[in-house]
Every structure is written in C-alpha cells, then in structure tokens.
Amino acid sequence: MEQRNHKALIQTLLDCALACEYCASSCLEEGHVKMMVKCIKLDRDCADLCVQAARLLQRDSVIAHQYLLLCEEVCRLCAEECVKHHHEHCQACAKACRTCADACHKNHEPIYQD
Amino acid sequence: MEQRNHKALIQTLLDCALACEYCASSCLEEGHVKMMVKCIKLDRDCADLCVQAARLLQRDSVIAHQYLLLCEEVCRLCAEECVKHHHEHCQACAKACRTCADACHKNHEPIYQD
Amino acid sequence: MEQRNHKALIQTLLDCALACEYCASSCLEEGHVKMMVKCIKLDRDCADLCVQAARLLQRDSVIAHQYLLLCEEVCRLCAEECVKHHHEHCQACAKACRTCADACHKNHEPIYQD
Amino acid sequence: MEQRNHKALIQTLLDCALACEYCASSCLEEGHVKMMVKCIKLDRDCADLCVQAARLLQRDSVIAHQYLLLCEEVCRLCAEECVKHHHEHCQACAKACRTCADACHKNHEPIYQD
C-alpha cells in the first residue's frame, strides 16, 4: 500500500474541525449566546464531518471521496453563518470552512441518488 | 423543541453500527482473515457513518437527512460484502445493514451536486 | 468469538448518549441559553464518551473497562448539572446519566496512574 | 475566551491518530494479516482515543486532562505492539504513539478511582 497523496487535504479537514470546535466553545462564552445558536450547531456538525472525512481518506475508504461532497456542503453552510458574526473566532472559522469547502470540492466524487 | 419522531430510525442506525462493530472484531478472529479484509473495512466505515447519522438526527441537524443518503450507500456496500460470508456475524450484519439501508432510503433528502 | 455479554450496558450507554444529544440541542433552543452553557458543554462531552465506550465494549477492546471509569466520571458531572434545571430534557438527561454512571461503576477497571 | 495553549499537544494527538489509521489499513493489506490482528485492533482504539482527546482539549473540556491518562495508556500499548513488526507503517506508528504517550503524560490529570 502506497502512502496516501491526500496529506494536505487531510490537514485542511483537521484544521477546519479544530476551528469549528474552538468557535463552538467560544460562542458559548459570548455575552449574546442566543445570537450564536445557529453558529454553534453548524460548528458542531462541521467538526464531526471534517474529522470523519479525514479519517476515511487516511484509511483509503471506498466512500471517502463521496463523503467529501457532504463535507463541502456543511463547510459552506458553516462559513455562511460564521461570516455574519464579528467575533475573531467566527471570522477565523469562516475562513477555515471556506478553504476546506474548496478543497473538498476539488476532490469529491458524485453520490448516486435515486 | 418537540421530541424527535425519528426514534425507530435512530435505533435502527445504532443497531446496525453495533452489528458492524461486532462483525469487524469477529472477522479479525477468524482463521482466514485474508478473505475478510474487505468485510472488515466496510464494517468499520459503516459503523462510523451509522453512529454519526444517529447523532445528527437526534440533535436535529440541518444535514441529517442528506447524511442518510451516504449512510444508505455504505450500508448497501457492507450488506453486499457480508452476505458472501457464511459466518453468523457476517449474516447478522448483512441483515442489519439491509434493514438500515431501507430505513435510510425512506428518510433521506437529495444532496446538491454540481 | 462469543457474543458479548455486555448488551444491556451498551444500550444504557447509547441511551445516555441520545439523552445528552437531545438535551444539548434542546438547551440551545431555550430562552435563557446563557444559564444552560455548562449543561450544553457537559452534554456534549458525555455523549461523545458514552458512544465511544459502547463501541469499545462491542469490539471487545482491551481498554473498554478502563474507559468506563472516565465515562462514569463525566456521567456524574453531567447528571449533577442537568438536575439543577427544571426543563424536561434536563431532568430526563440527569436520570439517564445517573443510570449510566451506576452501570459504568459496576463494570469499570482501574487505570494505572503514576 | 483565550486561545488554547495546547496547540502542539493537539497536533501530536492528531498525527498519532493519522499514523494509527494508516497502520491499520496498511496491516490489512499485508500478506500475513493474521500476525497483524493485535496491531490492527490497538491502532483502531488508539486512533479513536487520540482524536477524541484532541477535540476535548480544543473545546476546553473539564475532562480533557483526565482523558489524557487513558490516551497515554492506549498509546503505550499500541507502541509496544507496533514496534514488534518490521513494516514501515508499524515502525512509524510506534514512533508516533511513543511521542504522543509522552506528550499525554506531561499534561494529564489523575482520575478519581474508588
């Protein structure tokens, strides 16, 4: 088995997951938590999917590249929400999510839908 | 927030994940491990995705129903492989995967693909 | 490989994880989110650890029973916080966490600490 | 909320998880899979725990530092097994696990055991 050539993509996914984890816990510490609810929810989903995508790629799973399609979708949703908030952790998370969405887009495969 | 009406679906996903975990570790104990490699790999992916799907549904995630599309795909792949092997754990896993794939199919939403 | 005899314990762990997932997302919908921050954080940790514990037991991992010690700890912390809040989801979660902590206590093994 | 000062530790945990994922899937491709069974099992547990530890640290969880105690234990077990095998992926994994075990050791907190 040859070393995977997805090293950069995997690190991008993990960096995005860490940005989301940090954003979610930081949002919970903000004064106006109520305004951050959608952000917290998307952060959590996005962190979960990015970590899972990284692990599927690293283990050379047959569904890894299809998984990236869904991962791209949640990264875009999370970026769109985070960018609305001025907090540094939200802006950093929005940036990480956009970068990750683009990386997923370049590598995903279609999913059969009937 | 109203109680989720996906209780049965969530339990089906978790039962499938447990069948896959058990099948994977049991396959590793079989005499002819070499023949079980594809089964072990799919079991692992399927367990990961089914657990994640259950958690997304339980937390009412916006991407939960799109996730089920991918979950259905990996359940079908895992069922197709498991059913080839006579071991009791493989046959039980194939059955759990088929049941879960059908449940996912009834509840999934399309994913936008460009 | 014989069928695991931890079926009830595993289901208790998964039920606790689902109660935590539901409590966390419901807390985010409450009017006074600010008061629920500690609850949301513990719910999330508790859900993660209970799911992981269930999977380790189901795959007969050598560290499964040590893991239960940590799982018990987080279940107790989560129960202590949840019980303070009158919301139905918090009370249900507190109950699930206490049940799970007790089940973990009966089955855990010591961890070597130097 | 201040930026976490655990950046290096978190990356060490993620690097270890990736080494374990790669080692597990590579072991499954080896001619003598039967000899690699213990390695595959520990790789899987170790990957799961290291990813979880990284996420708990990143979200500043109250149980993150206790979790590192268990993480250290599984990293040591995985390193001890991997080092026995001459495959490059096993040697690389053994090294990553030892590095991670040492990092966990420096940062863990005791777990109350009664």
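As written, the chain order gives the labels A, B, C and D, with residue 1 at the start of each chain.
What we mean here is this: a residue touches a chain if its C-beta (ideal position, glycine included) is under 8 Å from a C-beta of that chain, and two chains touch if they have at least 3 such contacts.
Which chain is which protein? Per UniProt: A, B, C, D = Four-helix bundle copper-binding protein.
In this text the structure is predicted, and so the values were computed from the model without any measurement.
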item: Chain pair repeating B-C, as identified from A-B, A-C or A-D when over half of the contact pairs by residue number coincide; value: A-D
item: Pair of chains joined by more contacts [C-beta pairs], A-D or B-D; value: A-D
item: Chain centre separation in whole Å, for subunit D relative to subunit A (CA means); value: 23
item: Shared-contact residues (touching 2 or more other chains) in subunit B; value: 25, 29, 41, 44, 55, 59
item: Residue ranges of subunit B touching subunit C (in the complex, touch as defined); value: 1, 3-4, 10, 14, 17-18, 21-22, 24-26, 29, 47, 51, 54-55, 58-60, 89
item: Complex contacts: residues of subunit A adjacent to subunit C; value: 25, 28-29, 33-34, 37, 40-41, 44
item: Interfacial residue positions of subunit C with respect to subunit D in the complex; value: 41-42, 44-45, 48-49, 52, 55-56, 59, 61-63, 66-67, 69-70, 73-74, 77, 110-113
